[in-house]
Amino acid sequence: MDSTRYTRGQEALARIHGHIGEGVMNALGDIAPDFARFIIEFPYGDIYSRNGLSPKERQIATIASLVTLGNAPTELKAHIQGSLNVGCTRDEIVEVIMQMAVYAGFPAAVNSLLVAKDVFAELDAKDKM
Amino acid sequence: MDSTRYTRGQEALARIHGHIGEGVMNALGDIAPDFARFIIEFPYGDIYSRNGLSPKERQIATIASLVTLGNAPTELKAHIQGSLNVGCTRDEIVEVIMQMAVYAGFPAAVNSLLVAKDVFAELDAKDKM
Amino acid sequence: MDSTRYTRGQEALARIHGHIGEGVMNALGDIAPDFARFIIEFPYGDIYSRNGLSPKERQIATIASLVTLGNAPTELKAHIQGSLNVGCTRDEIVEVIMQMAVYAGFPAAVNSLLVAKDVFAELDAKDKM
Amino acid sequence: MDSTRYTRGQEALARIHGHIGEGVMNALGDIAPDFARFIIEFPYGDIYSRNGLSPKERQIATIASLVTLGNAPTELKAHIQGSLNVGCTRDEIVEVIMQMAVYAGFPAAVNSLLVAKDVFAELDAKDKM
Amino acid sequence: MDSTRYTRGQEALARIHGHIGEGVMNALGDIAPDFARFIIEFPYGDIYSRNGLSPKERQIATIASLVTLGNAPTELKAHIQGSLNVGCTRDEIVEVIMQMAVYAGFPAAVNSLLVAKDVFAELDAKDKM
Amino acid sequence: MDSTRYTRGQEALARIHGHIGEGVMNALGDIAPDFARFIIEFPYGDIYSRNGLSPKERQIATIASLVTLGNAPTELKAHIQGSLNVGCTRDEIVEVIMQMAVYAGFPAAVNSLLVAKDVFAELDAKDKM
């Protein structure tokens, strides 16, 4: 195991997703432990740990991609939360999703806006507690 | 015709794509003049003219989306050039495309890097003339 | 705001979706009011308000597209209901979905037929009340 | 071999695509003769031979689907020609493609309009000869 | 009706999916009986009944395709169970899904691994009863 | 740099693609040298180097995925050649592609069969020299 990549990946994962990232890793670890490790090593250890784009710019790219895919609402939710964690505002996230109507069509944008609405509502509910 | 949106859209189109945007509009205008107008009005007049994201952030989102779609090399080429026009560096464009391997798969990223390579080579060839 | 497009779009939205369209617009309006307006203006005000295809032909095209996308069951449901509203029969809707197996694969067609089955069952349940 | 389906399929293929359909079948026949037969039997013999939608409505659905897929320009070209053969006008085909910008995004619509433009130009060139 | 294809298809369906296949066919039969028949005749009667690949190899190809589509979790579940029925091991299924991260992206692979985890957990729960 | 993964990846790349793999790596290396390294390390070093599936089974899964994506003909060509290199027969490759008509639609299968036809014709032309 390449401990540098793994450690670097864990740090990037925690920086973007907080404790929620661990939950997904544990769920995957039961069925595909090597794949849970690959996720930490490649997307987080190799890609998100790079310089060259700011953390905010990387989240904008990821949200644009997930809206375009249109079939990964769980990941979209995690990265909307992650975007807020690295400094994006709610309005910026909404702007990125709106823009995707041009490239991925209106259904992809509408469904993603409703995912964002859920994330924001959950955060507001937490704040009130 | 809503002249404000149209004028605003033409300005956004010119700011992002320079004179190349006009060529596409003319090609479309022969077969679907209303649609050529819609492109100027909605994506450029309504979306790219908004505040809330910087021009650079909007191009990052667009490139991420086009790489993810994987079947729009002409538009990708136009927006790689457009990204440079609004202030992205070549390295930043390459970073966005690389990151897309995580979400859209390696073939989408590889083929888009080769499109970027072509755009950069064309620019270098122009500079030498 | 371009009141002609907006008014025209609201009329097209009501003609196709009845009161259900308003619900989606309100849900979106909370998080992205401009986008709710864009939906009324562009897809409904600019596209569905055009001549050149009959309302029934436009719904056939939309259902074909939503089945092909395969990831927009909420929109598919809304347009199956909308297709009935503009004069398509249940059998015609089923025919369009079946044909999509050829282009989008059998899973896309099967899952869309089950969406249609739900819409038809809800309508039958209402009729019995 | 089920001769009824095959014969019925050949007739539907000829009605929609004329002699061009045979060319594709021959090209496929070299590498996958059973698959060439399946295409005649299932899409053309089972689906396009059905009642329940007019030939024009079936072509509208197919064009909508191929524009949405965005990666089948050869099939799109064949079905734009086929749509004209069964009675669609050029304007109707352009309308269907334009509408797809709403569901599949603007790049899918733009690229498909340029395919339609090519088909129409080829036909005009033939007419002049 | 071509009884040979239909009978052959029913046998292939039963061999791969056991009694679960019938349930889907009945659900579809209510709304689109011809389509239920087409599924038995074409995918199962024409394709899965062919020699040239082992049943295990065919399931590997199908799982790879369904993971790549990313929007057909019901079919994926049915074919994960079907893969076990024709002799694939759980580890082999997990390997195929992991490999798809390379081509279809990590979200497609992660979501499919969680579907496989559900299938395996349901089987374990049955075994305990 | 993790030399074990890199070395292992180079070996897997050479085993599957022969010298052709190097060409792609060099083309990418000019614009994104880190990404060229990532391709060798992750898909080839981490995934294709694993046990758990035979090399032939891995190529069947990859071809199924690339046919399903429908927008990566260069990669499909490389993996059709790679499938032959690890022991698949031409007929097996054709079978996998045909089966994909069920899941990804007929255009995806037809276009991929024509790619396979090209690969086989190039090999036959080489054999004659």
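Order of writing sets the chain letters: A, B, C, D, E and F. Residues in each chain are counted from 1.
Basically, a contact is a pair of C-beta atoms (placed from the backbone, for glycine too) under 8 Å apart; a residue touches a chain by one contact, two chains touch by 3 or more.
Note that this is a predicted model, so its numbers are computed, not measured.
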item: Fewest hops from chain A to chain D - one hop per pair of touching chains; value: 1
item: Pair in D-E, B-F or C-F that repeats A-D, with over half of contact pairs matching by residue number; value: C-F
item: Turn needed to bring chain B onto chain F - CA fit, degrees, nearest 5; value: 120
item: Distance-maximising chain from chain E - centres being C-alpha averages; value: B
item: Most widely separated chain from chain D, with each centre as the mean of CA atoms; value: A
item: Interchain centroid distance [CA atoms averaged], chain B/chain D, Å; value: 30
item: Geometric centre distance via CA averages, chain F-chain A, whole Å; value: 30
item: Multi-chain contact residues (two or more partners), chain F; value: 34, 38, 42-43, 50, 66, 69-72, 75, 94, 98, 101-107
item: Category of the chain touch graph - line, ring, star, complete, other; value: complete
item: For the chain D and chain C complex, residues of the former touching the latter; value: 42-43, 47-48, 50, 52-53, 57-58, 60-69, 72, 75, 91-92, 94-96, 98-104
item: Residue ranges of chain D touching chain B (in the complex, touch as defined); value: 70-71, 94, 97-98, 101, 105-111, 113-114, 116-117, 120
item: Of all residues in chain F, those that touch chain C in their complex; value: 101-107
item: Interfacial residue positions of chain E with respect to chain D in the complex; value: 2, 5, 34, 38, 42, 46, 50
item: Interface residues, chain C side, partner chain A - complex; value: 24, 27-28, 30-32, 34-35, 38-39, 43, 66, 69-72, 74-75
